[in-house]
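Several structures are given next for inspection.
In the two complexes below, chain A is the common chain; its partner is chain B in one and chain C in the other.
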Partner chain A sequence: MEDKEINEKESLELITQMIQSTQHRFEKNSGGPFLIWGYLTTILSFTIWFLFKITYPEWGSKSYMWQYLWFILPVVGGISTFLISRNNEQAIRTYIDKVTKYIWLVFGIAGFVISCISMFLWSTPILFIILLIMGMATTLTGLVIKHKVVTVCGALGTLGSLSCLFISGIDQNIAFGISFIIMMIIPGHVLNRAAHNQKNM
Partner chain B sequence: MFKNLDPLLHSQLRLAVMSILIAVEEADFVYLKEKTEATAGNLSVQIDKLNEAGYIEVEKSFVGKKPRTTCRITTLGRKAFELYVKALKDYIG
Partner chain C sequence: MEEQDIKEKENLELIARIIQQTQKRIEQNFGLPFIVCGYVTCIISLILWVIYYYGLSFDSRWNYLWIIVVIASLVSGNYTSRHKSNATKTYLDRVLGYIWAVLGCVAFMVGAIAFFANIQVFFLIPFLLSLGVILTGLIIEHRTVIVCGLTGTVLALICLLLNDTFQILLFGIIFLIMMVIPGYAMNQRARENN
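Take a look at the complex of A and B:
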């Protein structure tokens, strides 16, 4: 392309062509944040369940101290996400990127605040609440980026949150971990696969 | 002839750059070069012209150790682009 004058028809064709070329793209490692938070949450969920099971009832109520391991999640997840986004050489940022960023910022902060309230102030069915809001955030992300797998997995995660209301005690962690596999790990890999396939097209 | 068309936008390469930037929040130099298939030198000159006119903002930064030039459209640029498209439609009728 050069610095040359064009006629009105060529101008309109060029505008259409350039705008279309920015659509339907998945950046490399699009599923990265889903995978970081998905694997981290699932591993922590199963680890806390396991540690509780091998220490209860010998340790009595002290076994519930394992729940404080959940605070590893925002620290490791937050730092990893920050480092990845800082080093991510994203060629373009669209309005969709901006919307999804704000979705996760709002839902993430809400999840963290509710977790702190539940841990230190008064008890709430925290795993149900976290799964519900993260499922909603995943579903919204899927709808915004128009990706069926992400939308469906998010909706399944939201529905999966109900399981935490019917399962009592530490066994909720199992339902929670399985829900995160469906809700984040599967969509994360699918998004990365989509980005990989798009690159090879 | 296009007497009422903005001469700054009425050029193939500058119009291509503006059309991309109207559709996204921001785009880097490498992406613009790839999409427009222009030479780095020519693209750089046209970006400077758009920047001097206040149609786009150019930000230079580093990703790791690699330099990165990011462009985004300004309110003035968006307005100019809209007027340009309206003028084009008037010509076509």
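Take a look at the complex of A and C:
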């Protein structure tokens, strides 16, 4: 009986260690993708806004063609994320790893599908929807890895999506870019900083 | 060395037991709110569709009936979590709780905004909730739940093709497929496990 109790205690310690190691490893690995998608989206958002503004007087509604530049995002972001995850050290995969992977897989695919539909088929308030989806994914990631800053930034991004409903036309891109700075770039740097501090401890 | 092997085996068995136990308990906890939310949404959709389609009223205040869905979801969620709280809460339980808390808040926010802004609410709410259903299915490894969630996503997109009245009707059907069926499927597996 006593022997069993020790084993259970050890088992619980092992589980705690696994959770702690996952949390640590997640922070070390996740800052990169947050920064890639965050910077890329923000740069594209402001670039498209700028190009639209300078070409609109001459081109008129043809300036909306600049919106196709958004397709750079899945290509560059996808390849960069793949390369980063391939270079990462192979450690034990736990259930929490799987959960965070599922969150980004489901919300990422949903974001891509709804963007394509909005671009080619039916009109939807796409920037609002994307901010809502990505804000939820960031909030959930923060909650899963128990990181307050990531959770708060995700919640702010979700609330920031509302700004797109009250701003019309191409100016929505500015609100979109700012929301991505809060929702992706800040958490990315915070996670990298946390990983750096843990490494030096 | 041999003793170490036995300990590791025991550890792994314990982990497997904990995961199995959690999986079962999640389903017992989550089945009822899914069913309640699904049925209530479906009934209200049907009532509103009859009212608007047959021209019994054109008063938009009938839409306040949706508040019943919010109350029913909160009450059923609270009821199940209170009645099962004697068991140990694991990290995985909390993760599923987070998913539905975040989605619930966002769905409520979107529903509230729909009173002031035109945001295709009958598409957006099932679209967002279907992502939660797919995630739940993936986490608890339940194929029926995943398929129902995916069906919900596709049907939500079809909502964009319909006029307002038929969007209400499809909204109810989506909840029947996306919430009620997974709810029963999860309860069924929970009973089988017991």
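A few notes on this one:
Following the convention adopted for this analysis, the second predicted complex is superposed on the first by the 170 of 201 C-alpha atoms of A that agree within 3 Å, B and C clash if a C-alpha of one lies under 4 Å from a C-alpha of the other, contacts with A are read in each partner's own complex, and residues count from 1 in each chain.
The rule is simple: contacts are C-beta pairs under 8 Å (C-beta built on N, C-alpha and C of every residue); 3 or more make two chains touch, one makes a residue touch a chain.
Just so you know, these numbers come straight off a predicted model, no measurement behind them.
With both structures placed on the common chain, the touch criterion links A:T158 to chain C but leaves chain B unconnected. Once chain A of one complex is fitted onto chain A of the other, the partner contacts of A:T124 are limited to chain C, with no touch recorded for chain B.
In the superposition on chain A, no contact is made by A:V76 with either chain B or chain C.
Touch criterion met: A:F107 reaches chain C, while chain B stays clear of it. In the superposed model, A:D97 makes contact with chain B only, not with chain C.
In the superposed model, A:T139 lies in contact with chain C only, and not with chain B.
When both complexes are aligned on chain A by C-alpha atoms, chain A residues 8, 10-11, 14-15, 19, 95, 98 touch chain B in the first and chain C in the second. Residues of chain B touching chain A in their complex: 2, 10-16, 19-20, 22-28, 30-31, 34-38, 42, 45-46, 63-64, 66, 68, 85, 88, 91-92. Residues 7, 10-11, 14-15, 18-19, 91-92, 95, 98-99, 102-103, 106, 109-110, 113, 117, 119-120, 123-124, 127-128, 131, 134-135, 138-139, 153, 157, 160-161 of chain C are the ones that touch chain A when the two sit in their complex. Within the complex, the chain A residues that touch chain C are 7-8, 10-11, 14-15, 19, 95-96, 98-99, 102-103, 106-107, 110, 114, 117, 122, 124-125, 128-129, 132-133, 136, 139-140, 143-144, 158, 162, 165-166.
Contact residues of chain A toward chain B in the complex are 1-6, 8-12, 14-15, 17-19, 21-23, 87-89, 91-95, 97-98.
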